[in-house]
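Shared between the two complexes below is chain A, which has chain B as its partner in the first and chain C in the second.
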Partner chain A sequence: MALDLSINKYADVPYEEKERLFDEAKADGRWEHVLYGCYECGICVAACPSARFYDFSPRVIAQAVAREDVDLVYTLMNDSVWDCSQCFSCDRCPRQNSPGQIITVLREVAVRNGLQTAKQALEGYGRIIYKIMSTGSQVSPDMLQPNAFPDWGKHVHEISENLEVWRKALPPETLHTIETGWKVDEKTIIELYLIWHMTGVMNMIEEIDEGLFMILVDVMEERLEEAGYDVTFD
Partner chain B sequence: MIHLPVVKATDRVFDIDPNEAPTHDLREELFQLEKEGELEVIRVPEPYMEVKTKFGRIKKIPVEKTWHHKSCGQCGHIPGYSTSIFWLNRAFNLDYHDPTDQTSCTAWNYYASATSNPEAQAAVAIRNFAAAHEVGYFPLIHCGTSFGHYKEVRHALVHQPDLRRKVRDIMKRLGKKLVVPEEIVHYSEWVYAMRDRIAERQVVDMSNITATVHPACHYHKLIEEDAIYSEEIYGAQRTAIITGVLEKLGINVADYSTWFDCCGFGFRHILVSRDFSRSFSVQRKIEVMMEEASPDVTVTHDTGCVTTLDQSQVVGKAHDKKVGLPVMSDSQMAALAMGAHPYKVLQLHWHNTNNKPFLEKIGIDVEKTWAEFEAECAKIKSGEKQYMTWEDAAK
Partner chain C sequence: MANQNILIIGGGIAGIEAAKGIADLGYKAILVEKRDRLGGNPDEQQYAALTPDLRDASEALSEMMAPILDHKNVEILYNTLVTDASGSMGDFTVKCISKGKEIEVKAGAVIVATGFTHFDPGRETQKYGYYEHDDVITLTDAEKMLKAHNFVRPSNGEKPKRVCFIQCVGSRDRQIGNEYCSKVCCGISSKQAIEVRQQVPDCKVFIFYIDMRMYGYWENEIYWPAQEKYKVNYVKGMATEIVKKGDSLLVKGEDTTLRRPMEVPMDMVILAVGMEPSEGTKQMAKIFGLKQNKYHFIETTGGPLDTVSTSVPGVFAAGACTGPADLEDSVSMAGLAAMKAITAITKLQAVPA
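Presenting the complex of A and B:
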């Protein structure tokens, strides 16, 4: 679908609000290391897989942020950044930009501010966030269910039917797990929860999915309490 | 689709002179920061192997005392990948550590959902590095994304004093130090550096095999100067990773015109926008490989690449696309060449695309080896055995 980059697209959002979000991106510690201007050469587009599939252009994004086009940056932050596949093929930019990382920063601003488009882009993604935050392992054997991967064919059925036995038929002792990729110590999980607490990332989850936030807080606070920590995520 | 002619090797030699590198050697800055008391550098343990990187600098690869930073996608969905890495270490009788005090890099929260921030990401990385250092081992990173991401984290920690301070404070509260490895090492670099020793122990002839190679984006595009290059492979114009190993095993590595393209994984896409992953993977990678190189197998060195290239072929087949190419990791190929069991060690039943013709072409009796694996499963089912052990896998 063609991307609507006209100024009318988000005309109802006050300019000051768009500027506030852009300022948040510019204040990020990574910004000065990922944007040095833009030659508009299009090398990033030539290397970009998402540009082949979507109406998407890292050049347009680099140009918009380099020219500080506040309206356009807001439109792209909503309608474009989630198409990027974060492959960093664009890191070959002759200006030493990293359009992929510019996008990472813009996405984080979108999440921190709970933009509706960010919520839509992450619909169906909650189970991954839950897994990562609560177990420290992003992908796990029990995710291999036919309803989660219908387009992976009957092979997923075969795996899910044999999952328990096949996991036990793995020689490394750490891999006999179902809910996590490998066996993780309780102390390790507690340290991970303390990192989440100290770095404020749970606020980002709250902005994007309040229900998920509440479930995660319950799980984490209980385990932290059992480990002797009096920590709340509010 | 336009198919470009495959570029052939040239006789011209391009010198790589580290003195003319366009980037600083980060390790010098790391050691300087260590002198200033800002952090502690974890040294590569001796003995180590030396390889050349993109701009001709030397990178140290540890032989042993490696702390295996596992990949959640490998361990969770294609566990023969990591099992093969461990099998290789055991075959050479090397001292390695498979930790339980390890989290994943959590980079899905970074590249896919953007629900993390630089402090959290760096703290997760350093917590893992500290866990390795505490038990006296050196991190060896199994996942291409964790590898690329940890390189980014290391860069950020060197160049952003404020981030360094924040992460040091977090580590202090966890009772840990801010420790940063001298080298960030990917397991495939270890396989590459060990290639002569692997070839010496080869028992399965693979000289009738043609393979294509897919290099992982997060290996050679993120912090590009840290990837392995060699004058002997592609004239040092592309990373030598994987290709160097396959050539040592006598495999014919065939070129194809979309070698540089990504696999289509896309992080967010592989889970919630899979139309992109499927289309890109089939149309820009598998079909091109099949049409231009007619390979028996395609070999890659990252979790997401194996998964995407393999699983996307199901829908490709339904649409009558030219698919049906087995996908494996370099660790599996190396282990297979050294005689590892295709199911007990390589665990190929977790892969989707039919790999039977490939296995038969190198003389493996598929029915027999599968029956051997099933016999182990039967013992587990009956309660005769709780698990299959390394000893069982060696039978």
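Presenting the complex of A and C:
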């Protein structure tokens, strides 16, 4: 199937709404450093690992925003932007565009505005988002369960049963952890929560997944209060 | 001994520059111009701003021609047409009709600088309808409107909201017979696109192209600013037809990089017409017996290393009479032609009679 660039797909969305979202992207402080003009040369596609496996084209992203094609930008913001793996191999652009960072901005606009497609795209990531945002670490030893990693073979049984022992065998004390990838300092966690709070990340989570938002708020407000911060997320 | 006068035919950019060079070096330049004023196409077609620096064209031209207007070594013959030539290097006799009277000019060397004419869009093989639709205009038409700061739809006098340029009209086209690239139109379209955006900020501007050809500094001086600062929309793909639809024009083509057919409404379409040899250029080739290329431009004989010598010794050519040339080319060629013309007559002088 070829990349669907149809503007009719979102014909029911008023042009003014599409324009508002595009304007929000253009108002982002990073915008002028990630988009100049597009030669439509395809060097970004040539470098893009996602483009080899999906009908995804960082060139189309760059040219759509460079041409200020409001309808096409809206279509891509609902669809194509979620096929990018954010590796930034596309940063080799001769015009110094960064399709990857253009996508970052477009994704953030999509999330901030609670687009249905953004919710769908992020649906499977609730657990990971929870783990990273609440603990500051993504992969932890206790994720090594046989049912989660059947392809690892019987070896994974042996490891999962004696996790604590295996972890203690590692010389650095900071790695003697089970529920997080490493020992996360109290001060780090508090700073992390304050960053989530101050940068508006929590507002984005609220738009995307209200249930997740509420769980995170419980965890964070309690620990912030213990640390002496009077912070409310609303 | 060779005649020490150098005859220059054509008072455009190349002719002015050649005359200035010759006169400043102490030789006599006789400049023949068919109109009653100098400046060539940029003056006659009322160019608004020069490419690539967007300098005011009248101001730049006045400044350029001022030194030769009262130069003791320059004689300018206005309203004068060359009708016949005889003799050879060192001793040409050239007949002219000057203000209705037949005159004879003697010269040791000749510089032909008779330039180009814009392609007549009535001859294009697409269906752009220049003579059919009021709002389909050419680069030269647009130039006049931009100069007057009155860029409006000819059909109703209103400011346009959507304007497109169509590149390569009359150039790079085997069916028309002009296989060459006219070299300057990409830059001029981009320059005009910037001017349209400056004068009508609400207007969306598109450029439909085969390749954008803006070499050297034109890239960063015109192309990038047009795209990045003025948000001119460059779409690779040629329009094949323009039809009238209601109050506007429908441009049909393909958006090649997005792999989709394109039918877009426009308020105005500007055809980027290319260059063809002017009538004067074809006439001078005939009168002086200069070899022409298949497009009837005057052929220069030295390949890339001598851009001004022709098939006739002592006759040099400069500017767009040799093929598509921009201002930079024309001025550079004029300087070289002046130098070679002087060399021709001084070398002859050195030979004992």
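Here is the rule we use: the second predicted complex is superposed on the first by the 217 of 234 C-alpha atoms of A that agree within 3 Å, B and C clash if a C-alpha of one lies under 4 Å from a C-alpha of the other, contacts with A are read in each partner's own complex, and residues count from 1 in each chain.
Keep this in mind: a residue touches a chain if its C-beta (ideal position, glycine included) is under 8 Å from a C-beta of that chain, and two chains touch if they have at least 3 such contacts.
Everything numeric here is computed off the predicted structure, so don't read it as measured data.
In the superposition on chain A, A:A25 makes contact with neither chain B nor chain C. Of the two partner chains placed around the shared chain by superposition, chain B is the only one that A:D151 touches, whereas chain C remains out of contact. Of the two partner chains, neither chain B nor chain C is touched by A:I102. In the superposed model, A:T174 lies in contact with chain B only, and not with chain C. In the superposition on chain A, contact is made by A:A66 with chain C only, not with chain B. Of the two partner chains, chain B is the only one that A:W166 touches; chain C does not reach it.
Set against each other, chain B and chain C touch different numbers of residues in chain A, with B touching more.
Contact residues on chain A toward chain B in their complex (touch as defined above): 29-30, 33, 47, 49-50, 52-54, 82, 85-89, 91-92, 104, 107-108, 110-111, 118, 121-125, 128-129, 132-133, 136-141, 143-144, 149, 151-153, 155, 158-159, 162, 165-176, 180-185, 187-189, 191-192, 194-196, 198-201, 204-205, 208. By the touch rule above, chain B contacts chain A in their complex via residues 70-77, 79, 82-83, 86-87, 98-104, 106-120, 123-124, 127, 131, 148, 156, 159-160, 162-163, 170, 173-174, 217-218, 221-222, 224, 260-262, 264-269, 271-272, 274, 276, 278-280, 284, 303, 311, 314-315, 344-345, 347, 349-350, 352, 373, 376-377, 380-381, 386-390, 392-393.
Against chain A, in their complex, chain C makes its touches with residues 224, 227-228, 231, 233-236, 257-260. Chain contact summary for the complex, chain A toward chain C: residues 2, 5, 36-38, 40, 59-60, 63, 66-68, 72, 95.
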